[in-house]
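Multiple structures are listed underneath, in structure tokens.
Two complexes, one shared chain (chain A), two partners (chain B, chain C).
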Partner chain A sequence: MGNARGFLTRRKGGKGWHWTDIVTWVWLIGGLIVMFGPAVWLTFSSFKTPAALAEFPPSILPYVTQQVKVDGYEKPLALFEAKMPDGSTQVLAEVRRVGIVAQMVDPKAPGQIIRVNIADRQPVREIAFATENYTKPFTQFDFVQYLWNSVFVTVTATLITLIVNSMAAFALSKYEFKGRNAAMLVILATLMVPLSVILVPLYSIISTVGLFNNLWGVILPTVATPTGVFILRQYMLTIPDELIDAARMDKASEWQIYWRIILPLTAPALAVLAIFSVVWRWNDFLWPLIVLSRRELYTLQVGLSIYSGELNVQWHYILAMTVVTMIPVVLVFIFLQRFITTGIAGSGLK
Partner chain B sequence: MGSITLTNIQKAYGAVHVLHDINLSIEEGEFVVFVGPSGCGKSTLLRVIAGLEKVTGGDLFIKGERVNDVSAADRGLAMVFQSYALYPHMTVRQNLAFGLENSGMAKAEIAERIGEAARMLEIDSYMDRRPGQLSGGQRQRVAIGRAIVRRPTAFLLDEPLSNLDAELRVSTRAEIAALHARLKSTMIYVTHDQVEAMTLANRIVVMRAGRIEQVGTPLDLYNAPANRFVAGFIGAPHMNFIEGEVLGATADGTTIRADDGSLIAVPVASTEVRVGDRVTLGIRPQHIALATGTAGIEAKVRMVEALGSETVIHAETLGQKMLAIVPGQRLLTSGDTIRLGLDAAPIHLFDAAGLRLATSGAQH
Partner chain C sequence: MAPSGSPKGSLEPKASASPMDRLAGLALAPVHLIMGLADKPLRAWQKRTGIGGMALFFLAPNMLIFGMFVLLPIVINIVYSLTGGTALFLSERSFVGLDQYRQLFNCANYLDAMTCQEDAFWTSLDNTFWFVVLQVTLMILASLITALILNRELAARSFWRAVFFFPVLLSPVVVGLIWKWILQRQGLLNFTLLPFGFEPHTWLSDRGFAFGAAVGVSIWAHMGFYTLILLAGLQAIPKDLYEAAQMDGTRPARIFWRITLPLLMPNLLVVVVLALIKAVQVFDEVFILTGGGPGTSTLFLTQYIYETGFVSQPRNAGLAAAASILMGLVLVVLTLIQLGVGRKNEAKGKR
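== the complex of A and B ==
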């Protein structure tokens, strides 16, 4: 605790609090709340019952009204703290509500009905996690299938992205050929064409080659990304050509140069692209929604959308499954972030 | 038949000609050094031999076979790069094994060759480290080791010592010489450092602007440079040059009027010298002696470097700087007037085009 306080009140040195200390503190704490707050709220809300979600004012933590089993009543009754006419408060269970009057009983003496104005009672609340928000989609709906589809699309698309883009980047960074810069420019220019523009032609291509309603139809159009080619090419340009000359002298074929020299040395950039690709493919919504129309092929994001119907939005399931869909992305960041920071390890040259 | 023969080798990048008509024959087991100022094409020539650059004209033969269209991998040569170019993500052992694995050699033989090279270069103790964890000298050894395990027809070394500090450079230089004596393989070595060239080479190839200026043993180049460029490039410090016009040429000597008007008489004669010719007189700093009386030419001392065993005198005479290195310790200070004796020295005469003129008289 002392450590935490020492950490939170750390200053830049000197005796008192400098105004920059305060600005820094407010800025950082504010940033923490702005960035982390929604995620925390989402996570807690995902454990709320539909009733608790509809509550106003909203709470951060998932509360439910305590319930108690009272003799003579079949169902458990909700507990309330009621203000009695004599000014004392008493914990009572509500049997039913008629207009603005609640009929309540004392759980210890269930025989006598007490009438209380609903303005005079407060629910007794406790923190409870509605885990059925999580279990139900998996047990009763097809969420496991959606999860599998998403994992398949993400992993396959990322692997193909890494291989295809690194090959293109290798050629564009290490081979001299006519039109190399023009090719690079054309690739970069495609960054300026948004998906919505090419949606229709892309759709007709996919349906013509018979990949409509097929996970490969989701994967293949996305694997060659100009961003990926650009990131990898810029990184490969920093790999000295002498290494490639040395490999050529060492009887390495062009494939071996790519596979055994260039690819391992591009690992930091590949990690960055892998993170991007995983996040992109995992969060893809529009394209899978268009290509996939059979339920058993839905990815998570498309699957999530079926909880928000025209008339009824099942927020509790949406929130819970949103948390589930966040987990892999968070994991990928945790495991791959060190590659981003270690970046350019010694290149083995002088 | 030379082990490596170059005939009329040309190399051009578009309109820029980097190598012009290179003719050279390198014998089996020879240590040849390409030397020249930076940009003279010596590294390009090495890369052409290695196969990393394609020639645009001429023929290249290795062991009698024309290899113009043979890839670098199949020429049987090994190269040590200036930056070492070790694979940073592989251990030293993997670095050495990479080339052998690519040629499909059996594991046992690879291990044996690596072990042998490691013992020879004393790199056994860091075989499992990565290049990033090694010092410059260690990386240098690994780079040489990577070439040795290949057992190449010839070693190509591209300024291998330029990244080492002065002390390490001297010791590694000696090791490379020892290695050549032991392996008896052909070595082609590129450097811009003429001391390295002088100490290592069987033969030196002096290059300038894509042309070979002279090929010869180190002492040939030192004693009989073909032209003014070679004379100035070989030997440290550089040769002094005095430009002037021939006033008199007899069998006993030549009299020259330097550009500032003073007269110098040197005891060398050349049948190719005519009165009125523009000539350049070349004399090495080590060959200048301090003269007494009226002998020699008068000079003003500008700076003195006392090295203990010898004294380097920066003097000014005939309107230009002259360097003299005299043995022992001299009590001279800046501003003193001295006389530089040229009598006993081997003096070279170069014609207006810079070519050395055959001379007779006081030589060597």
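== the complex of A and C ==
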């Protein structure tokens, strides 16, 4: 036993535990709970029925009270485990509740009403996943439409971002021309202008060109990201110019050089930008909220916020749809998190 | 790998490629076709205009979108802030000079938001200020501690790094809803506090707690990003410095103050300014979490601009533009500081 303990607590270099080790593990385990806990809790909650959601204290897993069909009663009745006056327990179905007394019947002998104090009974419960939380918003509300809008915006915006930004980055990294520095400066300067500063004029421009209440009005203003040009340009600068010169000697056109030589070689940076762009566009909220005012055009984020802002919040649907909204990002996190973390650490960009 | 099953005499260089590659090739076929079709006219364009024309061609789409959706709005924004009325389009608006700014700054006593004509603006300014101060300080502290811990010799470091990074990827709406769900009356927080004898509390309808929740949630959502940058900075500190200090028997606290902190300072400054710029624009997750309430206790600048320009009836685009220009000025100053810090770091690095 002592050996096992020694083995478990041994440290590199044979030193014992220092107080900083304890702090480290407390912080890390605490971080694990605080960072993942809320999302996990949300996911568990999303499988609960409205009745289970309204319960306090809440259960961790989704339970429902078992119900039973009893002869002579139209609706199914909830099953309870009741403590009888003689000390025995019996499984009874509740007919109705009057004050603190529940009128119950034995499902096997439904003729006789038994009165039980509500403090003396416990619901009989089983784990059940309320999957209708997921299916109903898709079949009865517009969430399929929202999902489609979100996917359309994300995919289109990402594709355009990749093409437009890589073209600009190519010109800015491989050509010497008048005004190159000016163009660089303009792009840099726009890093300073977040959306919230130009909300009003951007809205009026979008309205003027007829893109209000149009998914393209959400897509276009976001596709020319300075960040994207920056990442790609930095990467393209590392591609040797000799490659381009050789291609020119072989009579390749500049366009061919761009898409046959530069683009394939920039693939890693393009991948990073694509991941970023997908996460950004999927998560966009304020701008779509302003541009889209018709229900059938909402993206998931806007739809969720509108539904959750309603007076009578249907939490069971909101929670389920929040989980759906989370899925792509969680997938990105699981499979591509390494790309992103090294990308950020390398460039300091978000 | 043996090129088994590759068709004999195939000219395709990737004939032996895996099915995955073949699939990708198939998917890219239309792309190649389009790119090939675009080549002819572009070749003609290149012949006529030379390299300069091609540079223009490559830059044009980006510049067009930039110009239309970023540069033009900046200019128009200034014009907007000088006009009044409720019309949306500039041509229908009347010129009012600096009236919108005057309205924003019309206060009997600048220390009391309630004495101002636009009390909501000043309240949001006040809230934003305290939010920025609290959020940035606490978040940088938390990020620094996390980065220091992750920089220790640690099993599965990349896993732990990922743990703290996870919320960064979540959308603000999801973040807001997650915490709204936890902080409500039947929520997880009340449940967790129950064994300690706390009565269930509706946290978000309490002014102080709602503000605290706004700060806390936004720290939760963003600290992973700053932790990453700080961790990168820590890992760039040469290890031999620590070895030398250890040989001299330097106390850990002294190592931190004399080696770690000074060498991390450039990164720390960049992170602080980045966090400041982000915090000034706080909106999404707090808007979902509290909607600015209760009352105006979590009303921040961006929400003020949004509500003045788009929600309130009648809309006041001029006032919103003026407020956004003031916010823009703050951001420009912060960005210039950041650029200055960056340049100073670069200069130091060269020395």
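The working rule: the second predicted complex is superposed on the first by the 283 of 350 C-alpha atoms of A that agree within 3 Å, B and C clash if a C-alpha of one lies under 4 Å from a C-alpha of the other, contacts with A are read in each partner's own complex, and residues count from 1 in each chain.
Definition applied: a residue touches a chain if its C-beta (ideal position, glycine included) is under 8 Å from a C-beta of that chain, and two chains touch if they have at least 3 such contacts.
On a predicted model such as this, the values are computed, not experimentally measured, just so you know.
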Thinking of the overlay built on chain A, is A:Ser204 touched by chain B (first), by chain C (second), by both, or by neither?
second
Let me test your reading of the model: by the given contact rule, A:Asp86 touches which partner, first (chain B), second (chain C), both or neither?
neither
Using the superposition described at the top, determine whether chain B or chain C touches more residues of chain A.
C
Contacts of A:Gln256 with chain B and chain C, given as first, second, both or neither
both
When the two structures are overlaid on chain A, which partner does A:Gln301 contact: first (chain B), second (chain C), both, or neither?
second
Between chain B (first) and chain C (second), which, if any, makes contact with A:Glu74: first, second, both or neither?
neither
Is there a shared patch on chain A that both chain B and chain C touch, and which residues make it up?
253, 256, 345-346, 348, 350
Which part of chain B faces chain A closely enough to touch in the complex?
47, 50-52, 71-74, 77-79, 81-89, 98-99, 102-103, 130-132, 136, 139, 146, 150, 163
Within their complex, chain A touches chain C through residues 12, 20, 23-24, 27-28, 31-32, 34-36, 38-39, 41-42, 45, 53-58, 163-165, 167-168, 170-172, 175, 177-178, 180, 183, 186-187, 190-194, 196-205, 207-208, 220-221, 223-224, 229, 253-256, 258-259, 279, 282-283, 285-286, 290, 301, 304-305, 308-309, 315, 318-319, 322, 325-326, 329-330, 332-333, 337-338, 340-341, 344-346, 348, 350
Name, in rising order, each residue of chain A that touches chain B in their complex.
240, 242-243, 245-253, 256, 260-261, 264-265, 267, 345-350
Contact set on chain C toward chain A in their complex
35, 38-39, 42-43, 46, 51-52, 54-55, 58-59, 61-63, 65-66, 68-77, 80, 88-90, 145-146, 149, 152-154, 158, 160-174, 176-182, 185-188, 190-191, 194, 200, 220, 224-225, 228-229, 231-232, 252, 270, 274, 277, 281, 283-284, 287-288, 291, 301-302, 305-306, 309-310, 317, 320-321, 324-325, 327-328, 331-332, 335
